[in-house]
Structures are given as C-alpha cells and as structure tokens.
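Just below sit the structures, each encoded as structure tokens.
Both of the next two complexes hold subunit A, though its partner changes from subunit B to subunit C.
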Partner chain A sequence: MHIARELLIRILAGAAVLWAAASLAFAILQLFPSDPVQVIYGADSSVTPELRAAIRADFGLDRPVWEQYQHFLARIVQGDLGTSYQQRRSVISIIGSELGSTLTLASLSVLLAIVMACLASLVTSGRRTWLRKALSSIELLSVSTPTFWIGILLLTFFSFKWQLFPVVADEGWRSLVLPVATLALAVFGSLSQVMREEMDLALEQPFILTARTRGLSEWAVRWRHALGHTLIPCITISTETFGGLLAGSIITEQVFGRPGLGRITLEAINNHDIPVVMGIVLLVAFVFVTLNIVADLLYRLADPRLRVSAA
Partner chain B sequence: MVGFGSAAVSTRMAGLALCLSSAFLCAPGVAAAQDKPQAGGTLRVVTYEPLCLDQIEGTSRNTQTALQSIYDRLVSESLDGKFHSWLASEWAISEDQLTYAFTIRDGVTFHDGTPLNAEAVRFNLQRWLDVKKAGSAPVESISSKDNVVTVKLRKAYSPFLHDLSEPTLGFISPASIQKYSKEERCAGGPGVTAGSGPFKVASRTPGRDLVLERNDNYNWAPADAAHQGKAYLDRVELRFLKEDSVRVGAVESNQADIATGVPAISVEDIKSKPHLKLLQTQQPGIPWSFWLNQSKSPLDDVRVREALRVGADYAGLIDAVFLGTATPAYAALTPAVALGHDPSLEKSWTFDEKKAKALLDEAGWSKTDSQGFRVKDGKRLTLRGISATPWSNQQRDLYAQGLKAAFAAIGVDYVRDVIDFGSADARFKANDYDIVDTSQAAGEPNLLYGAFYSTETWDKNTNWGFVKDKDLDGALADGLATTDREKRIAAYTAAQKIIAEKVYLIPIANPTVLLAVNKKVQGVTFGTSGQIGSYYDVWLSK
Partner chain C sequence: MSLLSVENLNVTFPGTAAVQGLSFSVEAGQCVAIVGESGSGKSVTARALVGLAGDNAAVSAQRLHLDGKDLLHLSPGQWRGIRGRHIGFVLQDALVSLDPLKTIGSEIAEALTEHADMPRQDVRRKVLDLLTSVGIPNPEERIGQFAHQLSGGLRQRALIASAIAANPALLIADEPTTALDVIVQAQILALLREMKAKGTGIILISHDLAVVASLADHIVVLKDGAVVEAGPPSQVLSRPQAAYTRALLAAIPSVETKGQRLTFGSGTPDVPAARPLQDGGTAVEARSVTKSLGERLVVDKVDVRLVAGETLGLVGASGSGKTTLARLLLALQQPDQGEVLLDGGPWSHLSEKQRRPHRPRLQLVSQDPLGSFDPRYRVIDILAEALEIIGLPKREWTRRATELIRSVGLSDSHLLRRPRQLSGGQRQRVAIARALAMKPDILICDEPVSALDVSTQAQVLDLLEDLKRQFGLTILFISHDLGVVHHVSDRVMVMHAGRIVEEGPVGEVFARPRDAYTRELLAALPRIPLSSIASKAKGYPHDHILDSSVHIGA
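Our next item is the complex of A and B:
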C-alpha cells in the first residue's frame, strides 16, 4: 500500500515537473530575439514580407502569446509535440527515429562504464599498489579530458591509423566500438572514483572483519560483502549519467557522425528549431523524472534497510 | 522572339573548356582526357547532411548539393555563365523579356516510371511559385501546352535562367507529391524520392548516410556534360560527418574517396598524402566582405569608410591567415563570376596608414581618449560588427582579430560579435550594427541587386548597409532588364565601380572551395555556386 501511494505521489510530482519544464522552456523561447520565420525558410535565402506573413499564419505565430501557450499545452497533453520548422516532420517522429540509436549508445556506454568501474574498485580498493595508482591516473585523465578529445584520439589511432574500426562504413558492432568506448571512458572516471571510495569505507567496517574471521577469501569478502555497499552511489551516478547521455551525447554523436538525439538537439538549437528544442526539453524532463523513480526502486533492491523503513 | 538552339558541344571540347577556365582543376599528373572513362564502382563521399529531401519544402545549400544528382533541371549553366539545354531541348525569350517558352524534351521519365512532360514541369514550377513565391523571380503565370511550358514574368528579370538552373529547382515526380505526405517526402527514401536524375535513392538513414544507385534509364544529360547516356558509377554513398578533422581523416585513411568542406589547416597534410589530390576552385559570388552600415554615424561618412579600407593591410593578413586558400578581393564580385567580375579594380587601393589617419582627422575624429581610440563629441569611434555563426569560420575569426589590432593602430575600436542567425536578424531589425561580414555564393552577378539595391534592405534581402544610390540602382536595374550578355557585363562592371568608388563594401577575401579527392576518382567538377558538381561524370580508374 505504502509503495503504491508513494509511487502515485511521485508520478504526480513528475507531472508537475514536466509542466514546469514545458512552461519554462516556452517562456525562455519567447524571450529569444530571433524571428522563427527566417529559420523556417532557411538562412540561405531572403524572405519577402508576403512570404513572412504566410509562414507566420501557417505556424500560428501570428496569434497572441497566451493563445500560443494554451495551444501548446493542449497539444502536449494530446501527445502532439508539433512540427519541426526545419525538417517539416513531426517532432514525435523525429525523436522516435533518433531515440533507438541514442539508447543503444547510452546504455552500452553506461553498462561498460559500470563493469569497468566495478572491476577497478574490486581489484584496487583498500590496497596501495601500482595498479591502484595507474587506475587512479586513468580515472583522473578521463574526468579531466573533454569527450570530444577522447573521441578524436580514439579515431586517430584506432580508425585512421590502424584501421581497426570504421568511421565511414556501417559494420554493425564494429562501428559501435569507438563511440561506446569514448562515452564509457568519460563516465568511467567519476564512477570508479566514487565506487572505490565507498568500498574503501566498507572494507573498514566491522562486518567485513567478521566475514574475514569466518575464513572467507579476500575476493569473496569484496565480491559478496563490500561491493553491495558501492551500489547506492553507483545507481545514483549511473541513472543520472544515463539520463544526461540521452540528450548529452551531442559531442560523441557529432564526432562519429551517428544519428541520435544529441545531433538533432544541437541542430535544433543552432537553427532555433523551437518545436524540436521543446520536444527534447520535455523528453529529457520525462526521462529524469522516470529515472529518479526507477532509481528509488533500485535503492530498495540494493539496500534492504530501505525496504524495512518503507514498510 | 530570339531563339537559342541546343548547343551541341562535343564532350571533348566541354572537358577542355573546363580545364582552361579554372586552371586549378587540372593539376599536373591527374589523368586527363586521354584516359577512357570506366563504368562501375562505388564512390564514397564524406560531406554534410541535407535536411529535407524535398527541396521545395526545406532548403539549405547542403540539401541542394547532395541532391543535384537525383533531380534534373530545365537548363544547365556552365562555369562561364552560359546556358545549355537539359530537360528543355530549346527555349525562346520574347523581345520584351517577359515571356519564356521552354520546349520539353521527349522520352524523359521519373524514377517512379511516370513521364516527365510539359505538364510535370508546369506542376513543379507552379509549386515553386506557390510555396516559395518563386524566390525573387517576378513570375506571373505558368502554363503548358503540348510539349511547351510558358512562363510569363511581371517584369524583366535576367537571372531567370540561372534560377532555373539552380539545384533547388530540380523536378520531382508530381505523382510522388500527390501520393506521399510532406513528412514522407522530407524523410525520403527509395520509391518516395522520385526525381529524373542519373542517380536514384537506394536508402537513407537520417543522421548517417544517403545511398544513391545508378538510374539505368538515364539518357537526358545536359548538353554541357562530359558524356551522354547513363552515369559511370554504380553507387554513390554519401556519409554525413560534421567534424572537419574526421572527414579529412576518413579520406586520408582511405575510408572515403572524397571529402567536402576541407579546412585550410588540413591543406598541407592532404598534399603530403600520395594517394590524395586537392581540388580547389574560387567561390563565385560576393567575396568575404564588410557591408558598411551607412544609415548612421560613423560610417555614413565616406571618409571614415575609405579610412577603414586603406587603414589595414588586408592583403598581407590574408596570406598569414588563410594559408593560401583565399586571395585578396577588390571587386564586389569574385573573379569566379565569369559574367561580370571587374578585373580593373584589382589592387585599386593599398595599405596606407598615414592616409587613413588623415582621413579620420579630416572627418572630425581627431581627438583620442585615454585608451588611444579616436573620439568626436565625446563619443568613441567604435564599430560594432556582426556575423552569423554559419557565415564565419576559424580563419575568418582569426582574420577579424588581426583587423581589430590593425584598426586599433589607427584609433578605431572594432568589436565583432559572431551570433546565431536569429539574433543577427534581431540586430538588423534594431539597426544595431555598423558592419556585417559574410560572403555570398552564386554564379550570378544579380547578387549585387539583393545586396545593394536601395529597397532590398534586411527585411527582405541583404542590403545591410542601407545603400541608397541612384546611379547604383540604375546600373543594377539595367543588369536586371536584359539577358544580353555584353550589356549585362557592362551594367555590373559599372555597379562594381560605383561600389568601390563610394566604399559601400570592403571586399576582403575571395574564398576557395576545397575538396580532398582520392587520385583514382576522375571527372569531379564544381557547380556554379562553388559546390561540388553532379556525380554524373565522375568515374573511378582501376
């Protein structure tokens, strides 16, 4: 019962967040100095005043702002995000056609980053070895290097120089390796730092000592007992990063010429393609709201104490 | 009626003419006319992405460039500014320049099998008129009868044939327009995208690639093409990569055969690769220039404008910044505009700091403030420049920084904002700028009309300088009123002289378009807007 009620409250709160995001985005875009007509028609060309008026009427831009806002909200509730100024396609279909590619990239990258970070903290926490030092340096490097640069470096060596993975041809998984590696490296740094810290702390806890006295091997202690304690920060960081990657893989998608939400976000912002920008704002708000709910549920799985207190 | 027959230029001659007119194209060692073109193979191009495959719905230069092998046009314009028959086997222009009658060639079919006849042409032109108001062409009516399409204009408009030859006006099957929604046509795909060109769409993945395959029925190439019949290549794969360095890396590592949009910094690198050649052509149009806002102080004073023109070493900076990928500009049309560029303006001014300072003193800007900038009536001599993001690039940004230093040396405070297009539009509207810097691309001298005719201000065209000059208006109107080549050249030469004399524009650099091309690729040409030409004549040597 409790869970159901809590979930309902969360969903309502999520809806409020979505409404606020939509309204805020609408308000900000109203403040933009740009004339959408020029965008709709294309920056290369000049527009006659008659054509301007015709386009305005076509997209409902000649109506008062309040009316545009009402119309905008009504459409969203009906699941209609409008039509792109630039591509003349519905925003839903644009997002739909790009979502798959981004989802694949984002989930594989986060998954790879989690696996790498888990391994790194299992192997190196609580020890002062050369391996720990080496991994720490890699983490630091990955956190402080722009994704763009990681991508270009990986391309330069693995695609241009040694020709192991293509950037032009579409060869299934081989085309995915470099972009996934780029994003995973970027995520790995911070994830691994936090997880090792947590594991360091966990390894000093009394229950670890108890486990050791029971004669468990070092590996079993880490795998079965300590790793669980790193899951909460791991869930927090991964869900947040995953959400961010959905719209935030702009650079990676641009460098590798991959279709995806990041690419259309960048294009939409550059071209002031307002309906697409709005659609993406709403999508990202939706994704974060959902991920937060999912993360809360996952916390309960990861930490039994949360289950007890909620019941 | 003045008639134009179909110009039957032999293919060998056309190839030769191209070599002579742009010496850049024919680098020594590149296989020339004696090699026999071979059919077959796949060409891999890394380039920019078109937004919408129905170009009347959505347009950008990228769209037009990528799609010109899919759609055919009425007439073809060669780089020398002459017109050749294509889908129109011949045409006639009435004495009063108001009626154009095009005879449509027989036996042409769209990719979906429907015939491309006079009615289909009329349908397409009508759509251009309805959706795009026919650009800036004053079209009154379009009609078709038998195999003739007649277009009536409200007033004489000499660039009409040029407009018809532009990639935007490629014809789409009327059946496909009726069958598919706007959205489906923009997304495009095999079957949906139906032109009549030498290549048809095999597949499209937005954000990734567009694959074209040969149209084996093709037998209606433009008269100035290097060959007739179907195209040589089996397939053309256009792969969209936005990053300059990645496109260059792709041709260097042999993952692609052609890279467009090569940045200046990669030129040496490409030249050092034995399997690559660098093709370059000068961009036809208006050079990268300063449009000077004469509607208000300080640039309403011709002495200040002249001081700006001689107060910096423009030519010297070009060599330093553009690394050989641009030449100093003096005329308002680049040398690549065969019809109209005025070569007599070359080097008609030189760097003269003393003269610049004297002119500014004379104009009343003789005092200086604590930072060394000139002042008049308590106001600093500040020039606020704007450029839109798509108009600028690394070299132009760098060059503008150099100019800022040079202008500071004569006491002028130059500020340049590079902003998105929408914001630039707002600044135009508010008349909140002194200088606009950009270049314009088109092989048509009437560009000057849009950029300088007194009524063509920012709200409908590109006279950002608010130039209002009776003589200039007269010359531009003369150029618009006749299709006679010599008369047009005379009119635009006069216009460029006025623009130079009154300093309405400071031309800076004639931009170059660069392609990195694998040496096995032959027959690459450039279009009249400086874009890479159609893939129709391209072939791969084994």
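Our next item is the complex of A and C:
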C-alpha cells in the first residue's frame, strides 16, 4: 500500500518533469524559430506566398504562440509527436524504427560492463595483487580515453588487422560485438572503480568476519556477502549510463556505421527537422524519468533496509 | 584432555608484538575469560584461535590443540572445516556483525549448510529449532527478518544461534554484551551460562571484570599482550595479586566507590563522600515536556529540575528517550508540549536569536566526540573556534587554549594534534575542554564514558568530578550504566519508555527502588563479590563477607 502510493507520487513527479522538458524545448524553439518551408524546399526555393502560407497552416505555425503550445501539449498527451518536416513521416515511426538498434546496443553494453565490473571486484577487492594493479590501469585508461578512440582501436585490430568482425553495417550479432565492447569498456572503467572501493569497504565489516568464522571460503564470503553491498552504486551508475547511452551513443554509432537514435538525432539537428528533435528530447526525458523510478525500485530490492519496515 | 589447550601463544604484527606468551586451557563446560583493555591483545587472541588473525600476522605457539588436534599447521581449507564446525565465534554488536542484506534465517542456515549436506526442509526446521533454543519468540516470523528489524537483544541471540548452528564444542564470544543494555546483557549472559551447563566450552572476551565475574571459571588478565594475572575468579577478583588487576577493579564505579577517586593510588578528595545537597536554586527546569519523533512518543510529560551545583544522573535503556530529553533541555529541539526554563526564565520559548547569547552557559559532552570534531582541525583550532564564539580577543587564544588543555589533564603538545591522532579518552578530554572554553555553568553529559575502557572511564569520571569542584558546575549525567551513575550523581532519575519512573537521592533509589523497572535494572547488574571491592578500598581482606555482593557498573 505504502509502496504503491510512493510509486504513484514518483510517476506524477515524472510526468511533471516531462511537461517541464517539453515546455522548455517549446520555449527555446520560439526563440530560435525555424521555417519548415525552408527546411522542406531549401533556402533559395521560390515558393509562392500562397503555398508557403498553406504549408505553415498545415503545421499550425500561423496560430498564436499560446495556441500552438496548447496544441503541442495536447498532441503529446495523445502520444502524437508530430510529423517530420524532412521525411514526411510521423516522428513516432522514425524513432520507433531506430530505437530497437540503440536499445540493443545500450543494454548489452551496460550488461557486459556490469558483469565485467562484478568479476573484477570479486577477484581483486581487498587484495594487493598484480592483477588488481593491472585492472586498475585498464579502468583508468578506459575512463580517460574518449569512447570513439577505443572504438577506432578495436576496429583497427579486430576488423582490419585480424578481420574477426565486420567493419560496418548491421548484420547479425557479429556486427554488434565491437560496438558493444567499445561502450562496455567505457562504462566498465567507472563502474568497476566504484564497485571495488565499495567491496573493499564491505570486506572490512564485522559481518564479513562473522561469515568467515562460519567456515565460509573466500569466494563464498565475497560472492554471498560482499557483492551485495556493491549493488547500490552499481544500480546508480548503470541506470544513469544506460540513459546516457540511449540518448547519446552518436559517436560510437557513427564510428561503426550503425543505425540508431544517434544518427537520426544528428540528421534532425543538421536539417533543422524540429519535430524530430522535439521527439528525441521528450524521449530522453522520458527515459531518464523512468530509469530513476526503476533505480529506486531496484535499490529496495538490493537493500532490505530501504524497504518500508513492517514493524 | 582439555578441549582447547594453548601454550605460549605469540602473535606479532610487523613492528609490534600483539600477544606474548599466552597460555591457558579450556575444558568442556567451562568458561575462560580473557580480560583487558583495548589494545591488550584480547581480540587478536580470539581471532588467532580461529586462524583469522590477518594476513600480516605471525602466529606461533608451543602448543595449540583443539580436542587433541593440532591447529598450528592447518591449511586454509582445513581451517574452514574447524571454523563454525568446531569453534563458534560471536562478535559484539550484531547490527554490524550480521549481514544487513541477509535474513537471519539465511545467515544461520549458512553456518549449517557449510558443514553438512542437508535437505532444504531440514535446514529450515533446524534453523527454527536454533532460534527457539536461543530464546527468540515467534521463530516462524523472525526467520525471514533482517537484522535491522530486530531489537539489540534478539539480534545478539540470532548471532549466537548462527555461531552454534553446527554444534561446535567451543564458543568464542568477543565482547558479546558490550553494545547492550544491562537487562539484555543479563539475558545474553544467562544464555551463555545455559550453553556452558550443556557442556560447551566458552572463551569470553571482555574489557569488563564485572561482566565476566558471573560466568568465568578462570580469568586471564591481559595488558599490552602479556598476561599480568591468571586464576580462578575467587583469586583474581577477591585477592588480586597484580597491581594492574587491582587498578582495573578499583576503576569500576559502584556503590562503594562513591566519593572516592577511581584512578588507583590518586587518593581520595577531601570532601565528604555523601555531599549534602545544597539547594543553589534551579538551573534548568523542564515542565511537563512532551516530544514525538515521527509517530513515536519519545518523551512523555517529563518534569526535570536541575538544581545548581548538583549532579543529576539520568539512567535508562537505549531508546528510553534520554538523549531526546537532553536535546530538549539544550533547546536544540522544541518540545511539542510543555516548556523548558533557564534560571526560572523562558528558554524553549525564546527565539533562537534570543537564545544564542546564553548558549555558552549550557554545554554538551557526547558519547563519541570524534564525529563532532572537524578532522582537519588541530586541537588548538577546535578550542580557538569556541573561544572566538565567546568573543575572546585573538591574542588570548593560545594562552587560554593552553590553560584549558592543562585543566583536562593533557599537555601542550596535544594542542597540535588532530582528532584521529588522539585516543578515545584524550578525545573525550578535548571535548570537555571545548565545553569548558565557553565558561558554562551547566554541563550536559550524554553517555560521556560509554565508549571508553574501564580505566580510561575512571580517569574521565575523576576529571569531571575535579572540574565540577573547581568551576562549580551543574551536571546532568546521562548513562545506561547504573554503576557510573551511582558513582557520580547526587540525585538520580530513571527513565523508561519516555517517562520518568523513579526519582530521588541516589543512595535511596539504589538501596530501596520503588518502581518495578528500576528493580529490574538493578537486578540485571553484573556483580562482583564484595570482598574484592572492600579489600582494595580499605586495604585488608574481608573473607567473611565473601558471599555478599554489591552492584557493579555494567
């Protein structure tokens, strides 16, 4: 009951954030107006004033700003993000056709990063071994190297030199390997650093000593007891980066020539295709709001102390 | 053959010898107590006995046998077969000693399944049996709960259940009652006594002689890693040979130490023990104050009158509302109902701005001052900050800080240290010096010695008494420790579930408690045979009164 109420509040708050994001985007567009006629027919086109007016009326641009805003909000609420100036398709269908590709890439990357970071912490926490030093160096490298550069390096070796994976194009799982590895490596760096520090702390706690006095093996102590204590920062970082990857894997997608949200964002901005840009802004806001709620629910799963106590 | 025999145990860390030449043996159904202060090597010993002294520790011994089996040359895998199965281990404060992310049921089951293959339903049944056997009511409900959902006493019982799950012959309990209230402490000690009677050998590790007195068959007193005295309780507690043991016993505040100094050999003050109460008027008064935190009523219509010049003791279990009451008196929180007066004038009803000029008059000394110090500040900066608040000119700061640090028994060189470079006792002295810097009339001490060893506690209590005389302080002394409260207080109030259940002159309340809860508190106190107190106080043995007992601080 309590949790349902809290969830409802979070969803309402999320809706408010979405409304604010939409309004802000709308306001900014009013400050930098863009003419769909120009976008559709090019800057130097000789469109008759009648046709221009007709097109503007078609997009509702002849109405007062307030009315446009109301219309804009009403459409969003109905799930209609408008029509692209450029492609004359609905924004929903444009985003929908590219979303799957980005979603696959982002979720696989984050998942791989989590698995790698968990393994790295399990193996190296609380120990001063050469392996720890080596992994720390890799983390530092991955955090401080631009993602596209990692991608180019991977391409150079795995595609051009050894020809293990295709260079470009979207053909099955083989074309996913390198982009996923690129993004996962980037996420792994920060995730692993934080998780290992958290596990180092956990391993110092008295309950770990208690577990050891039960005769547990080192691996069991780490796997059953210490790992759980790294989950909170893991959830925070993973959900945040997942959102970031959905919205902005532009460069990686470009490097690997993959379709995805990054590409359509870039095209929409270059072409002043305002409805598409707005659609993406709203999508990103929606993704982050949702991820925040999901993270809060996951926190409760990870740590019983965050659940409402029954007492 | 002894259950455990230890001969000439040495544990060294790089640069320091933590334990040197320790020998003792434990028989089945017997309890050996290892007593010492922090840094004495008692916890290192406990860990060495289960092979967990740490990677950088070197453990050696002439003999380390458990049930005839040599423990000295075990592989890590063999050690795992010993831990939990043959030696159970209980740490202090189960809130941090049980994994907060696991249910107590799964923690206990872990100890079972680690050493035996058991079908699932058998594990559950055995866990329920164990919960019942350590005295946890409603085991069906508790089995699925987490440590934070249990009270301190139930938590500690669950921890003990996990230690004895695989039925080890030897149980090592490292300060098993230190974080607990007297009443809960008495229950846990009774549980250990029950296990002893069933034939379990117990090694009880504690800093508190009074706690071990009721359970131990043999007491080993450790200091700086070496044994200073060992023997049966009748000898160690009643006819202590070593000066250190005598000092430890003397440092325990109790009925008998009232009006005397606790630090051994420092003499008694030349003021009568039971000082007559001189009524110097009311310093602080709370009139029927009530305070709720969330939905819980924490302070329930409480009246307090702190008379100028007295020490008023406030006793109660944790969660009884003592600290909240202190915060109300300090006007750090506002009462929901009722009023707090300072010198008969308004206090809680003032605005914070009106209150601020008077704030220096009331100062707080809390349990662990570490959290109240900025770790980057040196002691002199900590004091200077207080001196700045009362408007002392800057050129006077160093002189006054030196004066203050000396008045709390530290030297000038301590002024340049940072909080982390000080021991617990030194930190408490700095906290007191900081309070004194404000030239207060009233000191509110909230569990000021609870985190300290018994001899450090003795020094701080003596210091407070000295300062009280020197500066004419009025003190509200809050503690869960009845021995301490009895030692320092003129009057005492007993708090229970937000109410004051009993109030009166300290001798009277302790000798003739009227309230049922006060009686329960007093009955739960660990006892030491009276003769040891009498002999160290008077200097001659009192064997004819060996049977009688006095209440000793927990």
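Assume the second predicted complex is superposed on the first by the 285 of 311 C-alpha atoms of A that agree within 3 Å, B and C clash if a C-alpha of one lies under 4 Å from a C-alpha of the other, contacts with A are read in each partner's own complex, and residues count from 1 in each chain.
Note that a residue touches a chain if its C-beta (ideal position, glycine included) is under 8 Å from a C-beta of that chain, and two chains touch if they have at least 3 such contacts.
Because the structure is a prediction, the values reported are computed rather than measured.
Asks: In the superposed arrangement, which partner chain does A:I28 touch: subunit B (first), subunit C (second), both, or neither?
Replies: neither
Asks: Please work out whether A:P304 is in contact with subunit B alone, subunit C alone, both, or neither, and reply first, second, both or neither.
Replies: The answer is second: A:P304 touches subunit C but not subunit B.
Asks: Once chain A of both complexes is superposed, is A:T213 in touch with subunit B (first), subunit C (second), both, or neither?
Replies: second
Asks: Using the touch criterion from the header, give the chain among subunit B and subunit C with more contacted residues in subunit A.
Replies: Touched residues of subunit A are more numerous for B.
Asks: Kindly classify A:S159 by the partners it touches after superposition: subunit B alone (first), subunit C alone (second), both, or neither?
Replies: first
Asks: Who does A:E98 touch here: subunit B (first), subunit C (second), both, or neither?
Replies: first
Asks: For A:V115, is the partner it touches subunit B (first), subunit C (second), both, or none of the two (neither)?
Replies: Neither subunit B nor subunit C is touched by A:V115.
Asks: Applying the touch criterion given at the start, work out whether A:G257 contacts subunit B, subunit C, both or neither, answering first, second, both or neither.
Replies: In the superposed model, A:G257 contacts subunit B only, not subunit C.
Asks: Which holds for A:H272: it touches subunit B only (first), subunit C only (second), both, or neither?
Replies: first
Asks: Please give the residue numbers of subunit A that touch subunit B in the complex, ascending.
Replies: Its residues touching subunit B are 32-36, 38-39, 42-51, 86-90, 93, 97-98, 101, 152, 155-156, 159-161, 163, 166-170, 253-260, 263-264, 270-272.
Asks: Given the complex with subunit C, which residues does subunit A contribute to the contact?
Replies: Subunit A reaches subunit C through residues 205-207, 209-218, 220, 224-225, 228-229, 302-305, 309-311.
Asks: Within their complex, state which residues of subunit B touch subunit A.
Replies: Answer in residue numbers: 44, 46, 51-52, 57-61, 132-133, 135-136, 182-183, 186-187, 205-209, 239-243, 245-246, 249-250, 252-256, 388-390, 420-423, 425-426, 429, 450, 456, 459-462.
Asks: Which residues of subunit C touch subunit A once you look at their complex with the stated criterion?
Replies: 47, 50, 52, 76, 79-85, 87-89, 91-93, 96-102, 110-111, 114-115, 146, 148-149, 159, 162-163, 165-166
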